[in-house]
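Let me give you the structure first, and then I'll get to my questions.
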Amino acid sequence: MWRFLTRRAWQGAISILGASIIIFLISRLSGDPILILLPNDASQSLIEETRRTYGLDRPLWVQYGIWAQKALAGDFGRSYRWEMPALRLILERLPATIELAVFGLLFSVAIAVPVGVLSAVHRGGWIDRVGRVFAMLGQAMPTFWVGLLLILVFAIHLNWLPAFGHGTPAHVVLPAIALGWYPVAAQTRIVRSAMLDVLDSDHVRLSRALGTPERLIVWKYALRNAAVPLLTMLGVYFAAMLGGAFVVETIFAWPGVGRTVVEAVFSRDFPVVQAGVLFTSILFVLSNLLVDLSYGLVDPRIRDAR
Amino acid sequence: MKTWITALTLASLAALPTAAPAQAPAQTPATGTLSIGFGAEAVMMDPSRSAAGVDQYFFGQMIEQLTRTDPKLETINWLAESWTLTQDGGKPVITVKLRPGVKFHTGDPMTAEDFEFAYERQRDPKISKWPHLLAAVEKFEVVDSLTFRVHFKEGDGSFTSGNLILWALPKRHLQKVGDEEFARAPVGTGPWKFVSRTIKDELRLTAFDDYWNKEHRPTVKNLVVKIIPEDLTRVAAFKTGAIDWIDAVPPAMVEEFRKMPGVKTGSFVAPNNMYIAMDAVDKTSKFHDVRVRQALAHAIDVDAIISKVLFGQGERYVQVGRGSLGFDADLKPYPYDPRKARDLLRQAGYPNGFEVPCYNLTTPREPYQKEVGEAYFAYATAVGIRCRVQGQEYGTWITFGRRDRQGHIDGLYSNMWGHGLPGDPGTPWAGHVHSYVRGEGWGITSVHDDPELNAMIRELKRTMDLDQRADLIKKIARLKQERVAGGLPTYRPVVTLAWRDKVTFTPWPSPGFWRGMQEIGLKQ
Amino acid sequence: MRADGWLPEWARGLPWLPILVLLAVGVCALAGETIMPFDPNELDLGAAFVPPPWQEGGKTAYLLGADNLGRDILSRIMAGSRVSVIVAFYAILFSGSIGALIGMVAGYFGGPVDAVLMRLIEIQQSVPSIALALILAAALEPGLWTVVVVIVLTYWAWYARIIRGEIMALKGRDYIAFARVAGVSTPVIFLRHLLPNIFNTLVVLATLQVGQVILFEASLSFLGLGIQQPDISWGLMLSDARQYITNAWWAITMPGLAIMLTCLSANVFGDWLRDRLDPQLRQL
Amino acid sequence: MVLAVENLQMHLHLKRGVLRAVDGISLAVGEGETLGLVGESGSGKTLTGLSLLRLLPKGSGRIVAGSIKLDGQELTTMSESAMARDIRGRRIAMIMQDPMTSLNPVFSIGDQVRNPLRNHDIARGAALRSAVVDVLTRVRIPSPSQRLGDYPHQFSGGQRQRIVAAMAIGCTPRLLVADEPTTALDVTIQVQIISLLRQIQSDTGAGIILITHDLGVAASLCRRIAVMYAGQIIETGPVRRIYRMPSHPYTQALLAAIPRLGDKRTRLQAIAGQPPSLIDPPSGCRFAARCPARMDKCAEAPPMVTLADGHSAACWKLA
């Protein structure tokens, strides 16, 4: 287990390194921040001077080298636009994004598990049908559209839930639904097919033959088995949540990394883009490690085997 | 001082309690908390380091200038008790007498040394983004603790038209805490004191008890400014009562807001001027010919665009907006006349019209900008100036017309120029009407080259006397209009604010935008 | 007593509704101008916000109403279908081919080749796709082809990972081992033995990607980095219409429904294909 | 009699039609007796075992006729919840074929052995724990109290089958249905499991139905066997007698197919042809199509012919 985790951690580190190169190169391709930074009537010499200050006159690979070295020491450079350390800007916003992603994921799992289980148990029943339609709808609507409709219905018309802000549980509901609806379909499918497999397995048959109540068989013995494939995919879904946060945060005025990065892209604020995207990557790698760790907990075979 | 013509189109303004006496005398300290919602967020809160106009949304509530614009768009002395413009050996000198008894939030009194400090900071390219605004200044002279003089090498109209440029910065405090901390927690002489800020979320302010202006001041203790960029979300926040004052009501919803019971609205012209740039530099460009430019001017029904696309949330302007320095009520726009446009094209030698690339901004900076652009180009196409429309997102758009980056753009290009309120077109014209001169700051986005206009704009730059400026601006505007030079002006966006009845609010420009929280409070 | 009893044998049990929707989208994309009631880009400010005919003030000419510039929404949806089809076609073609090739190479050769390619896949997947898309779109100047490039760059890894797994399972089969021992050249093994075996998987993945591509484009358009005018896309229509969401419900509903129906159809059809062709692929 | 089954018919209602999986089976198991149910895979012997517990394939399986009496109590009419509460695992227990898959991989064996005991309220608290240790000791799991927290994958195949057996005997059932309990195991382990089953029977006096395709295994454990073919019992009798003189041509073919020496695990495969489809089976003898001694009469259903005390077979040849 530990060797496995160490190996995964190394692979994660390589991923992050690779991601940092990609992010750095592409963001450098995307235009000159100086001209956005300075007023229209700034003089040529001021432009040159500013460019030197930010090291934008050096070759790309030198810029990357310097950047990577500093980044390792926690210095991602200063935001051109905010004139503060990019790292601070990102780290201050990271918890809100994690919060949103976690609640989005919780929403999707909270729907997908019962629907997946019930539709496996009562194949073709009404829960199977309704659940499947609900799941498929989430996979067929653009996130921002869902977000707007949620605000229109639940905030403006019904006035049940706040449309923006964060802090209380009520605030996270609409953004979490907008974010978490999309992966419900895929997760339901995973749970459903895993449950179908498990319910058809010898050990479930044995449990039944030994008189275990069906309720326990489904929700306890089978579900823990069926949770493993879902769990292995949770890292991927968490990444999807982080990606979706870029849109959802913008709609719900959520003070997270996604919105910060989107705006930084528009203003070509490289340090913020780099730090922001890199930290979402790091978050993704970490969440995968966490997943590796956690399904060791659920599935003892994995705990011992690797 | 010159009194501006203040003829806002807006009936709502007349209904505002502008003339009402101060509601809360200093004796009764303000109480309560008010939450308001902005659509855009300031970035930098240090005036000298600020690069974007939107920054004033925040620091404009805390830090003040020598003069400012009042709700009737009249420029009034503010931190300056008075100022005079004199000549010293043919060179202009401005003498400013400061208002006594003004205190910073730290309790320090405001003195001429603070302005000297602000001047030095503004001049320093390592700190300031705007050192060029002081390029014409020869030296800064402190006369006594409440008097200073600014000596000019040559005239600089942007100084007088720009509220004397300088912001009151607390020298002692700023030197103590440093630039970084000051930008995090700014200190000024303004009605609001900084409490805290969460980027992308909110700014918290508290009323400054020792504020010098006892008449025009907030009557609520705490102000929470929420940042909600998405239109529908901001509207939802207002409707659900999470905020009681809302910035930038989406144009499509203005009517609905006006009818909402218990809600007041106010609509104001924004200090932004939309126009269509066209390439008149290149000899081979079709728009080099004034007849083609005039054809374009006749081809576009700006009034229809304002009423349909903008839901009326726009104001037609000819060359200089109503209320701005040099506004000329007699100057009329080219009438919408597609037949005349076709005639002009025929005279110019294009009986069958021609194709041309047309660039449009797709990430709206002002509401419906993309749709407006589409409408422009559709109208142009209808008379034979057939547009091949190309969309551009904000990041590309903002550097797109820069002459230092590209030779010059071809074809048509939806663009805008901004200034403060009430506004002075001098500096923007220097940027997009005067021809491009490499390295000197002239014509940085210009695709025009008219020696006569160039000379007049340079003269305008040197002219500091506001009456003289106004006359000169009118002259330039007429010529510019006749020749359709430096683009075709279209409209100025109108911004609508709304607040609940329990809020007392008098809109003050802040100074470049209608979001000054100079007089806001809760009814007791 | 089945409702489709009159159909020929092979056609029974096909998901007809989704197929019809997808066919309609395809026809709109191909026939384009010839069947559109209006020029989708033609402005008519007089017709701004004309509601659909069944609503008061509606005109039959504008079957789904008109938008804020008086453009016919039906025509625009039809025009948008072309962009959707083009983007989906090229994005899927290239991301599928690149992903399949990389997945096949990684799965077949294994060892260090696999290790390197797997790292690449992981690197790609560790950058949130919308973030990558954002900076790429900003770097390349947004537009239709940029959207295609962005989708290809973000989706190849998805194909590669799944195909790699399939190939690794195939490699163990006797006939592949036999072909190798018999000295059949690698390209031939790829084309003759591996490709036909992953073809079903590829078809299923491609079908399921249609919906994802459409939604991805919509997200990019919302953020302002997707399709640019004068091209018309459903995502762009939706994104634009949100500015007057309370004035003209049809302007934000109709393109949304177009997206929803198309995605639903593609997904239902994809699910059906998966159950038919490749039941192993349930984790998608 | 512990168990008396009379003309049991269980049908699977599939899309393709009604499959007569168990078609008129009658059998009886006495106290302490072991009955071997022998047949090819697909002959319906496993479904017969499951039918006794009324564990039928969901949706499609239905007992359409016959009776199952456990100690004289009718099971076919019992409510589902009573079946789960009082019968399954309590009075009839089952051991499955593959010990590698019969245990839930993500629960500890302590958990799994404890479950039937707890579900049937055999013991609680500390007594529950000692009951678990006790039953594991009885199936000869070494140092059971230390291994309660271990997971199935930490045990060998033979040990796992013992654990399955422990789960089955924990509640001292009256009848044990052992479905191919040794098939998946090595020969040496098979012997251990067989002796374990013998010992369980002598300890508890339970009746056992041993479902197997392996006549060797049946011979070593059972006194009586019943041979199944295509959902029906075609021959039944004392194991020694059937071994010596198989009467039904199918039984004869079965026995002929067993290599007398060597590997006992060779599957039955020597009989030419396939068993008939059980959807619309032939109205006559179901073995007729493959039978070397086929007669015209075989087109009618053959009667069960009693040959000697307790030995009978269904074949026209014997009538």
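By letter and in written order, the chains are A, B, C and D; residue numbering begins at 1 in each of them.
Please note the rule applied: a contact is a pair of C-beta atoms (placed from the backbone, for glycine too) under 8 Å apart; a residue touches a chain by one contact, two chains touch by 3 or more.
These numbers were taken from a predicted model, which means no experiment stands behind them.
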Those chains that touch chain D and also touch chain B are A
Using only protein Cα atoms, the chain sitting most centrally is A
Does B-C or A-B have more contacting C-beta pairs?
A-B
Distance between the centres, which are taken as Cα means, of chain C and chain B, whole angstrom
44
If you average the Cα atoms of chain C and of chain D to get two centres, how far apart are those centres in Å?
53
Inter-centroid spacing, chain B versus chain A (mean Cα positions, whole Å):
39
Chain centre separation (chain A, chain C; CA means) in Å:
22
Can you pull out the residues of chain B that are in contact with at least two other chains?
232, 235, 363, 393-396
Set of chain A residues in contact with two or more other chains:
30-31, 148, 152, 250, 265-266, 268
If every chain is a node and each touching pair gets an edge, what shape is that graph: line, ring, star, complete or other?
other
Would you please name all pairs of chains that touch?
A-B, A-C, A-D, B-C
Touching residues (chain side chain B, partner chain C) in the complex:
231-232, 235, 250-253, 256, 301, 304-305, 308-309, 360, 362-364, 367-368, 370-371, 374-375, 378-379, 388-396
Can you tell me which positions in chain C touch chain B when the two form their complex?
41-43, 45, 48, 68-70, 138, 141-143, 224-225, 228-230, 240, 242-247
Looking at the complex, which residues from chain D come into contact with chain A?
50, 53, 55, 83-85, 87-90, 93-94, 96-98, 101-108, 115-116, 119-120, 151, 153-154, 164, 167-168, 177
Applying the document's contact rule, which stretches of chain B touch chain A when the two form their complex?
43-44, 49, 51, 125, 129-132, 180, 183-184, 198-201, 226-230, 232-237, 239-240, 242, 363, 393-396, 398-399, 402, 404-405, 427, 430-431, 438-441, 444-445
Name, in rising order, each residue of chain A that touches chain D in their complex.
201-214, 216, 221, 224-225, 228, 298-301, 304-305
